[in-house]
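After the structure tokens below, expect a handful of questions from me.
Chain IDs A, B, C and D follow the sequence of writing; residue 1 opens each chain.
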């Protein structure tokens, strides 16, 4: 499905709870299958712990108030396994259904190290984990062989794929076990990923023209690949525009101009 | 459609006409839409002019004898515009319907130089030209902007695309004029190219399991993208195997073991 | 000169102060011009704040006890400008002479963002800052144009260069202002950097065969470039060995086998 | 030493013998150690056989008339071993002292294929051969292991290195046998190559400010590496300028404006 890595609204430097509520309420009316909070697009690395807790609480409240049931995932990242295990424990009772956890950044562990890292996190989590592989941000690639071993763990349920290697993505989609989800995180490759069998996308661009992004997948599910392609050819300039500045500045600007958030501030 | 860049059979160092006839006759019974002779897979750079002439003649005779009408293209390559113009003149009466002409190798001209080169060839040719863009062999990339200008020439009718840049390929398929053909030459990207709108492929791998390659496209034309994907997932290891040694050694070996050619020799 | 990005010794999961003292005392007797603590090689991302404070204190005490004056820099990294400014304030009274601060990882700011980030840090620091540019870990490159503007700030005194672009490194060395230090952090490029005018290196490999590394530079300063080259040709396999596993595992193993630290543990 | 890959002067489409004589006479007075004719910079791929023969004859005559003894190498390239062997036979009596032969372009042979190719050429040549490795033009890299085996053949005497891999170049210079020459062909890496032990360069940029290029090496031979670096820092923008357009257009323009050749024409 189409998941949104929700931007985090700020106002005068602080978390903007009113805009958060408005934003969540807005996407409840759009064809969105889930939200990821405090992840990359949500500027998670710059949030205080208390802010993340409020962000989750406010989002969950908004969904509950509307009588809806949209799944929330929490974005986590870090290079210190122990600190991440603590974060999992600290957030165990939060109103989220799972975690999106990026590969360790900067430290460039070996494949064995990545396996140990995510195994420890899977063991330490009471909720399912989706792994986020994005070598051009983290400096390390989680190879398919390692990932397929991790996929055997019941708590590791999927991958957000930004590996930037078309063969690796194709082979993972071909070789993954039944029930293991793969969603692309590369907005520009959304159509490509879908026609190669991906289950959907976690797309910053989905903040904008949400129904159009969802419609690409709908057409494919309806068996009309040529129509999906034509729609994608129309939509494809959008990701390029939104990533012409470091994300999420352009998406925030668009949301601000649309009146959905009170300020385009980024941290 | 599915075009074959036909290998050139050799026997004891010489062009093997008998194997050529057998090979052409074989592919007349397969779902092949055309043959390219003396191109990259056909080891064109190592053929004498007289050999190329015989290769074309023998292939055309075989098709005629079978009462069929399979189109033949002739592969040309070179870095000297004048020599290529002469080659076009020399071959003007040959029984071919067009040319596949690679970008100049080694000399790395500018985009303006590429435009002038192909314009001169288009002017000098009595038959349609398909351009072959393969930067990892030639050292130069024909950019979309240049290609789209060239596509306005009535004698430049299509592209064999091996540009190795997914964005460039996607944007060309999106932006090309009506009637301008794009066929991928990257065997491993055959399915990807088709679902993005390519008209087909010129595939060395098509020598092997020809019907399976053609079947990918048939399923897409029938509107069954998921079946095409499943078939491709089965077929996808074949290109990897065939390119594990410098092409066309593996394809020739397979054809030799299949009894279609008398020797696996390469030059 | 030759600076060491000191490894952080652990014993049964905890900071090993005894090994730290032994290690610092050892390098006081070697031709080392300074130490960087808690940086990349020091596994800084996995250290608790209290551990970093002890590491600095213990190192400074050891130097003082020996009546020596080796400069200590503290390694910092992070993607949140505000948290880094707080870290600078918190450590302002520590016995260090400066900071080595990596570019923000993961978030991939624009050049304007990098300029603002480091300007804020320079404003917030009471001590000089050396910037660490290592795109293959952080996902972002600090371009020369941006760096040269930052170099105008009196608190930004140098660069640890791991940009992996030979032209960028050469041009920086050519164009940098008088007094702005450039040290390579790419062990395998130590000799190359020196002959192009770099002031030295911050080398994990310098833990091993320290005098040999220092000797390369000495020979160049003495005007004997051919001898420096011959020595480097002998020494050059060492960095390759030490980085055959994710750093600093191999260096720690060597130090452990040499008896300098009590355990080869990495976090 | 400093070798020039001489441009080939044209006038109204034909080889300009008068300009060739003037050019050769000019470089006889410059600190040039040899000339390569009809190579990449000499637009060899666009020359007719008769033109190459005249180019060599005219150059040799000019040198003889001046009573000098500058060595001439002939540039050859091609992907067909047999045609190249014939070219070696055809030119065996020409007034040249050796050949510069590029790796096969376009066909991308294996390392075994490259070994067989150059071994056949070495066997077929009465004169020494220098190999030219330039993967970004030919599409194939001659690896050090293969080259070091080829270097055992008495007729293979050196390498023009444009491999674009700093490690490969460094390791070749470290590991090559006594007496095997390595000259860089990458103008921008001339200083780097020299300080790593290269014997010199074959530099298109050497057409311009020839004495300055030679002076870099002289300073290094005199033991003044810092002075060589300072001179190189001044000179380094020249190669960038000369390669801002496809070579040799800029060099020809400069020579034309200097009055050394009658026209800046390129083919």
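Descriptive notes on the structure:
Throughout what follows, a residue touches a chain if its C-beta (ideal position, glycine included) is under 8 Å from a C-beta of that chain, and two chains touch if they have at least 3 such contacts.
Note that this is a predicted model, so its numbers are computed, not measured.
In summary, the pair chain C and chain D forms a contact in which both copies contribute largely the same residue numbers, shared numbers making up over half of all those used. Averaged C-alpha coordinates give centres for chain A and chain C that are 34 Å from one another. With centres set at the average Cα position, the gap from chain A to chain D is 53 Å.
We define each chain's centre as the mean of its Cα atoms; on that basis chain C and chain D are separated by 41 Å. Residue numbers of chain D whose C-beta contacts span two or more other chains: none are found. Viewed as a contact network, the protein chains form a single closed ring in which every chain touches exactly two others. Across the assembly, chains come into contact as A-B, A-C, B-D, C-D.
Chain contact summary for the complex, chain D toward chain C: residues 166-167, 170, 174, 188-189, 191-192, 195-197, 220, 223-225, 229, 233, 236.
In the complex of the two chains, the chain D residues touching chain B come out as 40, 43, 45-46, 77-83, 102, 105-110, 113, 136-139, 245-246, 267.
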